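As written, the chain order gives the labels A, B and C, with residue 1 at the start of each chain.
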Amino acid sequence: MMGEEFVALSLTPILIGTLAAIACALPGNFLLLRRQALIGDAISHVVLPGIVVAFLITGVVAAVPMMLGAAGAAVVAVVMIEAIRRLGKIEPGAAMGVTFTAMFAGGVLLLEQSDTSTVHLDVEHALFGNLESLIWLDATGWSSLWDRDALAYLPVELPRLLAVLIVVALFTWIYWRPLKLSTFDEGFAQSMGIRTGPLGFALVIVAALAAVAAFDAVGSIIVIAMFICPPAAARLMTNSLGAQVAWSVLFATLSAVLGYVFAGYGPIWLGANNAVSAAGMIAAVSGVILAITAVAGPCRSRSGAPAEG
Amino acid sequence: MLWHALTLQLGYNATLVTLGAMLLGVAAGVTGTFLFLRKRALVSDAISHATLPGVGMAFIIMVALGGDGRSLIGLMLGSAASAWIGLLCIGALTRRTRLAEDAAIGAVLSVFFGIGIVFLTFIQTMSEGRQAGLEGFLLGSTAGMLYSDAMIIAVGGALVLAAVIAFRRPLSAVAFDPEFAASSGLNVPRLDLIMMGLVMAITVVGLKIVGLILIVALLIIPAVTARFWSERVTGVLWVAGVVGGVAGYVGAALSAIAPALPTGPVIVLVLFAMFALSLLFAPARGVLAAVLKHLSFQKRVHIRQGLLALAQGQPIYEKLTLRLLQRAGFARADGVATTDGKARAAKALRDETRWQMARSREEFALAATFYDGLTEIEGVLTRDQINELDRLIGAPRGVPV
Amino acid sequence: MTPLELATSNGARLQNAHAGAALAIRGMTVSYGQKPAVFSVDMSVPVGSMTAIIGPNGAGKSTLLKAALGVIKPLAGTATVFGQPVADARARIAYVPQRASVDWDFPTRVLDVVLMGLYRELGLLGRLRGTHKAKAMDCLARVGMQDFASRQIGQLSGGQQQRVFLARALAQNADLYLLDEPFAGVDAATEKAIIDVLKSLRAEGKTVVAVHHDLSTVADYFDRVFLINTTRVAEGTVEEAFTPQTLQEAYGGRLATGQLGQTALGA
């Protein structure tokens, strides 16, 4: 499994899955602690209408307009949720429910009404992604990693997700202190002059960016699962924010790698011939990790946290 | 065509499905209101996504037992079982760990959905699975529905609605005030369980028509829409039931004339249209009304504060205050009071002094609690009481009252 | 002072008082929905004083403090700190929010919370050095919490949480300290520790303003009071402004005047 075939068929999907998982897990940590875990759910639903609208306007399936369309949809969704919550005095969960179902429904209908038969754009792709197809056919083995010509034919999702992950990581690193402070104690942060409103909005936009890039490659199930499961499992492992983020990166990586391997090889080990959905399996593995930490994580309960020092 | 669909003239199956969708919509609107009032709206999202592994598993089991796997009843039973497991997982995560409910909902939703997708892709590789049409459960579809399926949906919708009606009183008592309900002898945990059972039943019955991704809209949007029209629990329940019923009816009827369209999104957009109209134009809580109310309130505050400043010869610091005073004809652009403004300012200061006196006297203690800077003293105290206050203050003559 | 002058803002005289004030609030109105929680409040806190903001529950005490800090947006009014707009004077303000306003299950340690008080100084990416930690430890020692530095914050008692919040404010090394209910629900030892720290701050020439609800300790702890019940009722030294008349006016029927001095209200 580690030979030429691995590099050509499995290496790039695994890397893409891992990058997507980490890019979503990083902002997911803060969303989790802010009790906004479901924002990830909402964003991943509204990416579809964003992409469809971008396609209808430009007429092509290209990365940049679709990213812009999806990011725009995320902004519309966040503004709409806030507007419903504040103006209608509706609790945030219900406001989210109204917003993302309506936008998702609009996206599906637009998609069904428009002629997308020539392009690869459909609801199932949006939900499950297409991780298995992101292969690197020009690779002939590990040496291809140093081969300029082969590298030129890497799936475009790989460098794109790498770029997005760098942006997400930089945002997390640069704004670590304000993010930490405003998540823990918003009033105090404001008294220090931190503009918590715009910062919270920026966090959601960064999460949306991660969701959009990941969505294109791996579909919305992974996006939701990676926003929530690795950070949640990580929270049960530690009582330090830095360590929590590190654990969440580890769990995201584990989910992506194991999920891809199980989806591709699991059925074969069990005697079946065909692989199952990698996206679904990655979400399932992240769920198993969360279940294990919920049963055995050292910091799983509020009261039973061990004293450190 | 549209008229034919809306008047149920498109054949027996379509009529059954449309009526079933309407009954289901009413049941969902009412049950969703209970969820919404208990602030647990998104639990339904987790429940609906958690049905997918059950659908897949049921199909696989039915095929393994020699059937063709497409029996709607069998798939519904499977979906109910896995939704129940999902609900138990949410409960376990929130009770046993430090995770909050939103995280538990998101985790269950995505993980169960992921497992369901794994099953679906497995089913696609089975020889029986190629035409299983299980994808229809994602977004809902009424196309090519069998008579027996239509019957199940109509009967299922009626049964769920009957159950909702049977439990409406204790459930609304719990939704309105859980603590009071508990103190008056209602078993709140059991009623919560019944509520979740109803949510599950609606999800399972609605699976085929609305699809599991969007069924949550049928539970949430009617309640949220209704909240704009009524401040009373019964009122919200009625409006939500009507909104849900209309959406179910119109959505299913529309999809009967456009079989290519998935039904779920059509129903959701009908719901959203009703919601958007309510959000904008509802008389008391709508956005338009709220904006107008806020602007007039802000104006009252600024004019009142401005008048008090004028009465005491203070400069007016805020431009908005001055502009509003000017527009009302109480002050000139340079901040000097007009004759009218002087009279109003004196009256404002006089009332402020009366309030202050009221606060300092025990006999007016109750009335003084109404003070908020804006409430007119004449609305709280009688003429005689105000005269008594004026006597205590030692009113100078000539101040207009 | 005639009733007319007491009634609301009093013009020119007030402006002079504002000039040298540590905290000056003018015409502040804040409302939640359609009812003002705070109406047209003026306040002037002299430099080096220790002021208690008192009033019945729901009288707008915390709201006034938060609006002055810009934590909530007022409908009308302005606040200045040492003559500057609040936004320009952030470095001179330390704030202790209500203990219950944060999630104590947040994954962090006591020392990290105190270090948050240094975030302005550190900037976004400034390196956290040994001197910063030493400073935070000093602040913890001032409130008697040095032994808890590496404890997870969820394991602290209410009083310990309050001391950590005070230590964080000390780390801000400010000139004006604003505290929201610092004595709410804390044990006697913590109350003593906190008031000792606050008094030492005053001795250093700092200004302290605290929302307070225990009328029996006002005279011992503070030198000035600000009585509020939606609008300002009285303001001044304890002798001037903390009288049966002003209390009656602020609390109305909710406080029998005879109980003054012995009753801890709403504790």
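The criterion applied here is as follows: contacts are C-beta pairs under 8 Å (C-beta built on N, C-alpha and C of every residue); 3 or more make two chains touch, one makes a residue touch a chain.
As the structure is a prediction and not an experimental result, all values here were calculated from the model.
Student: Name the most central chain, where centre means the mean of Cα atoms.
Tutor: Located nearest the centre of all protein C-alpha atoms is chain B.
Student: Could you tell me which chain lies farthest from subunit A when each chain's centre is the average position of its Cα atoms?
Tutor: For subunit A, the chain whose C-alpha mean is farthest off is C.
Student: Round to the nearest whole Å and give the separation of the Cα centres of subunit A and subunit B.
Tutor: 28
Student: So how far apart, in whole Å, are subunit A and subunit C when each is placed at the average of its C-alpha atoms?
Tutor: About 42 Å separates the centre of subunit A from that of subunit C.
Student: Where the centres are mean C-alpha positions, what is the separation of subunit B from subunit C, in Å?
Tutor: 38
Student: So which stretches of subunit C touch two or more other chains?
Tutor: Those would be 105.
Student: Send over the residues of subunit B in touch with two or more other chains.
Tutor: Within subunit B, residues 98 contact more than one other chain.
Student: Going by the touch rule set out above, which residues of subunit A reach two or more other chains?
Tutor: Those would be 235, 299, 302.
Student: Can you tell me which positions in subunit B touch subunit A when the two form their complex?
Tutor: Contacts found on subunit B: 36, 39-42, 44-45, 92-93, 96-100, 102-103, 105-107, 109-118, 120-122, 125, 135, 138-139, 213-214, 216-217, 220-221, 223-224, 227-228, 260-262, 264-266, 268-269, 271-272, 275, 279, 285, 287, 290.
Student: Provide the residue numbers of subunit C that touch subunit B in the complex, in ascending order.
Tutor: Per the touch definition, subunit C meets subunit B at residues 3-4, 6-12, 26-27, 29, 31, 34-36, 39-40, 75-78, 105, 229-231, 233, 245, 248-250, 252-254.
Student: In their complex, what parts of subunit A are in touch with subunit C?
Tutor: Touching subunit C from subunit A are residues 33, 173-175, 177-178, 180-181, 183-185, 187-188, 190-193, 235, 238-241, 243-244, 299, 302, 305, 307-309.
Student: Within the complex, which stretch of subunit C touches subunit A?
Tutor: Listed in rising order, the residues are 66, 69-71, 87, 90, 93, 95, 97, 101-103, 105-109, 112-113, 116, 119-120, 122, 124-125, 149-152, 154-155, 168, 178.
Student: Can you list the subunit B residues touching subunit C in their complex?
Tutor: So the residues of subunit B in touch with subunit C come to 98, 293, 297-298, 301-302, 304-305, 308-309, 312-314, 317-318, 320-321, 349, 352-353, 356-357, 359-360, 362, 365-366, 368-369, 371-374, 393.
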